[in-house]
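Next up, some structures in structure tokens.
After this come two complexes, each holding chain A, first together with chain B and then together with chain C.
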Partner chain A sequence: MVHIVPEIIKESVTNLVKNGERTDGRAFDEYREISLETGVIEKAEGSARVKIGKTQIVIGTKPQIGTPFADTPNVGVLMTNTELLPMAAPNFESGPPDENSVELSRVTDRCIREGKVVDLEKLCIVEGEKVWMVFLDLHVIDYDGNLMDAAVLGSVAALMNTKIPTTKIENDEIVLDYENMIPLPINEKALMCTFAKIDGELIIDPSLEEEEIMGARLSIGMTEEGNICAMQKGGAQPLDREEILKVVSIAKMKTAELRTHLP
Partner chain B sequence: MIFVEDKEIVIPGDILADEEYHSGRGTFKENDKVCSSLVGLVAIRDKKISVIPLQSKYIPKRGDVVIGEVTDIRFSMWNLDINSPYSGFLPASDVFGKEKRELNRTFDVGDVLFLRVVDVDEVKKVKLGLKGRGLGKFRGGILINITPTKVPRLIGKKGSMINMIKDQTHCEVIVGQNGVVWVKGEPSMERVAEKVINMIEDQAHTSGLTDRVRNMLAKLLGIEPEETEYELGEPGPVDESDELEMSEEVEITEIIEISEESDELEEFEPPEEKEESKEDEID
Partner chain C sequence: MIIIITNTNLNTGTETSARADKRAFDELRNLKIEAGVLERADGSAYLEMGGNKVLAAVYGPRELFVRRLMQPNRAVLRCKYNMAPFSVDDRKRPGPDRRSVEISKITSDALSPAVFLEKFPRSTIDVYIEVLEAEGGTRCAGITAASVALADAGIPMRDMVVACAAGKSDGNVVLDLSEVEDKEGEADLPIAMMPRTGEITLLQMDGDLTEEEFGKALDLAIGGCKKINEEQKKAIKNRYGE
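Take a look at the complex of A and B:
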């Protein structure tokens, strides 16, 4: 179902942006209130609940032992899956994942993988045979725009919260020692920052209203050092060179700000 | 025996009263006891207990005035989203009479209209109409969604609450009974009105709301609360005048009068007067 935005809402939001204002009174480079809790799911090895304004995502991780992919025998596996629950928004339907859900999983996965958040090589137990497979499951509970920033922030927090048992090899068998749990090998905290382009202006952390009327969107994943590890563009309008450079420099500041929310 | 007080918040399954009471809306009877089936406020009238939900969806009712958004254009009608599980339709004949005209030249997808629910049939097909004072298409302004059960609270007794917002912010405000509110004025004032309306929605179940709204308006507008003595028609203790039942029956005449002043509404005069009288008979 395509949601149709009333013309008068489009008009009022665009007019506000033209005057340098936003519907909720934020500045163009201001995030909504962010809250982050970890360890919210008892049954998962690691979990987090992240809220950006009214957007809410619950993230859980599940490490399991499995066989590595044939082309990367000494590297652990990271799998990201997103569920856009029907209760999150009226236009989210149950059933197989749609393009939005796939996009969110892939962008989150790319940011974490390319940002080298988890040292996957350390997740190898027996080369070519047994590695840790970390499943990262994102459940969108409430949708009010800017899922990507919330997804990446929550995922990094959930991964940092994850504990795996230590492994020993006895008589060619893997023995899990649940008495000694160790955290996942985390070596980076890459985070994402999303901008929406409305009427030529670039605004950070778009709300649902703003996302519905935006011409284009650009998400930038950045490591602590300020290296770009992921980028995703959406929407029909083009972005020019100056705009992208401007956005990247703001993203560097803003991801550093987001990083303070991590435990 | 009654186990709850008037306006107490209850949750589903709470026992409200014994068999001597009648089970009203939002309640059910089990083992001769009246229980709540909703999260909401208890309303006791004589021997009838009902529960008014804190949140609800709009269920269309004949005669309501609603704000709807055009979502689709068909061969001879517009489809409208009326913020309800049921979508509404506006027949072209209601707007053009017997004339044949192109529908999308009059109202296009994305337009927002102020309409009246003409009829709701057995399968909840909602027929809408534009005949009546002040009904038509909105130009400019902003839309705010609130829970339909809180609409009476937003309007206040004899429109006291809504008139206070209008007077203070100098905005035009139109409330549809489906919980959609249209506000137009200075952009900064629109935001003030939006904040106040959202606050009313949040706190509709509490008493002394009128006072808090007055203070909030004064604060947002940067005026001292003392200076904003407004004649609200009811001097007496505020708490009493404030206790508006959140019942389903709302004075809608108030809203229509508001819209009459609005020149932002394109009114639709039906081309043939005969049509109108026919409609009235059906009503």
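Take a look at the complex of A and C:
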């Protein structure tokens, strides 16, 4: 279903940006209010509820024991899946994941995997035979712009909240000890920061209105050290070299700011 | 060959003769309902009952794009019941299965009689129910939450619809089965009703009950519905005032 943005809204948002202003009165490099809770779903081994503005995602992790991939026999598996629920927006439809949902899953996965958030090698139980497979499921329940930053922030929080049972190997059997739960091995807190390009300006954390009229979008994943671990450009408008370099340096400060919300 | 074994059993163990969670036979689990929790949806509600966490959202009345479903004289009320992959002990694969399709259908049938559908010809009212955490009785929790979400959306209704289950566990007829009681019990009888008129809009049952036990269970469930209905009304009043 196509979502129609009235021309008048497009014009008013663009005109505000021209004057250095935004519809909700924020500065160009200012996030909306962020809230993050962990351990919200008891049946999930790890969980988080994240809100950026009115955008809201519930995230749960489910570790299971499975077989590693043949090319990485001593590495655990992380599987990220996103559901853009039809309750989250009038133009989201139920059914198999569409391209936006797949992009969100893949970009979140990329930021977490390439940022080496989880030490996947420590999730190996028996090389080539059994490893932990961690399913990371993102349930988008309210869509008000900037899903990517919310998705990565919530996912890192949910992973940090995840506990798995300790494993022992006795006579060729894996014994799971649910009385001694250990946290997932976390060695990095890579986060993502998204900019929207409207009328030549790059503004952080686009709201729904801004996302609907933006020409381009750039998401930047950064590690604690400030190294770039993932990027994704979206939208049809091009970006130039100076713009990109400028927002990369802003992203460094802003991901550090976001990190203070993690427990 | 490696066999995985688990050396502790986590959440089973109903060796007590009374109810596992120490409730009286006619006692509901802890209940919390909040209306208007989502920004985008026209109406929404969040419900916690025992270990259940359920979110319901309503869109509409709006244009129905699926022509073949369109009714010339009234709106259609479509429901989608969905469980989050992390809502149960073993991860549920995303997407509809036979169980959720059936629950979607009976939820739609349970809610429809309460809504003045004839006021909105050729349109649709969409109800989405998301189970974030499941602990027995999610279909009832979903219907109860959906009805609050419909009211929150300002959709004209004859009455709220409220759902509750009764059943038989360890030989006793009890109200509001928990997950363990549902799995290990002898019978489950979920109902939905419009409390003002007492009309029953959903009735399912599985297991084994005598006629006498059935009568007892039905009365228990109706009593449970009436109590839950008070919480539904409170949720709406909390949001909109008296």
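A few notes on this one:
Basically, the second predicted complex is superposed on the first by the 263 of 263 C-alpha atoms of A that agree within 3 Å, B and C clash if a C-alpha of one lies under 4 Å from a C-alpha of the other, contacts with A are read in each partner's own complex, and residues count from 1 in each chain.
Please note the rule applied: contacts are C-beta pairs under 8 Å (C-beta built on N, C-alpha and C of every residue); 3 or more make two chains touch, one makes a residue touch a chain.
A quick note: this is a predicted structure, and the numbers were derived from the prediction, not measured.
On the superposed chain A, the positions of chain B and chain C overlap enough to count as a clash.
Contacts of A:R259 after superposition: neither chain B nor chain C is touched. When the two structures are aligned on the shared chain, A:K233 is found in touch with neither chain B nor chain C. In the superposed pair of complexes, A:L85 makes contact with chain C only, with no contact to chain B.
Touched residues of chain A were counted for both chain B and chain C, and C has more of them.
Touch criterion met: A:E11 reaches chain B, while chain C stays clear of it. In the superposed model, A:D172 makes contact with chain C only, not with chain B. In the superposed model, A:R106 lies in contact with neither chain B nor chain C. Touch criterion not met for A:K246: it reaches neither chain B nor chain C. Taking chain A as the common frame, chain B overlaps chain C at a single listed stretch, which among 3-11, 129-137 or 273-281 is 3-11. Across the interface of their complex, chain C is touched by residues 1, 41-44, 47, 54, 56, 58, 60-62, 64-65, 81, 83, 85-90, 94, 96, 126, 129-130, 135, 137, 139, 141-144, 172-179 of chain A. For chain A in complex with chain B, the residues that touch the partner chain are 4-12, 15-16, 19, 21, 23, 25. Note for the complex: chain B touches chain A at residues 69-71, 81, 108-112, 138-143, 187, 190-191.
Remark: chain C residues 1-8, 10, 38-41, 44, 51, 53, 55-57, 59, 62, 65, 80, 82, 84-91, 94-96, 126, 128, 130, 132-135 touch chain A in the complex.
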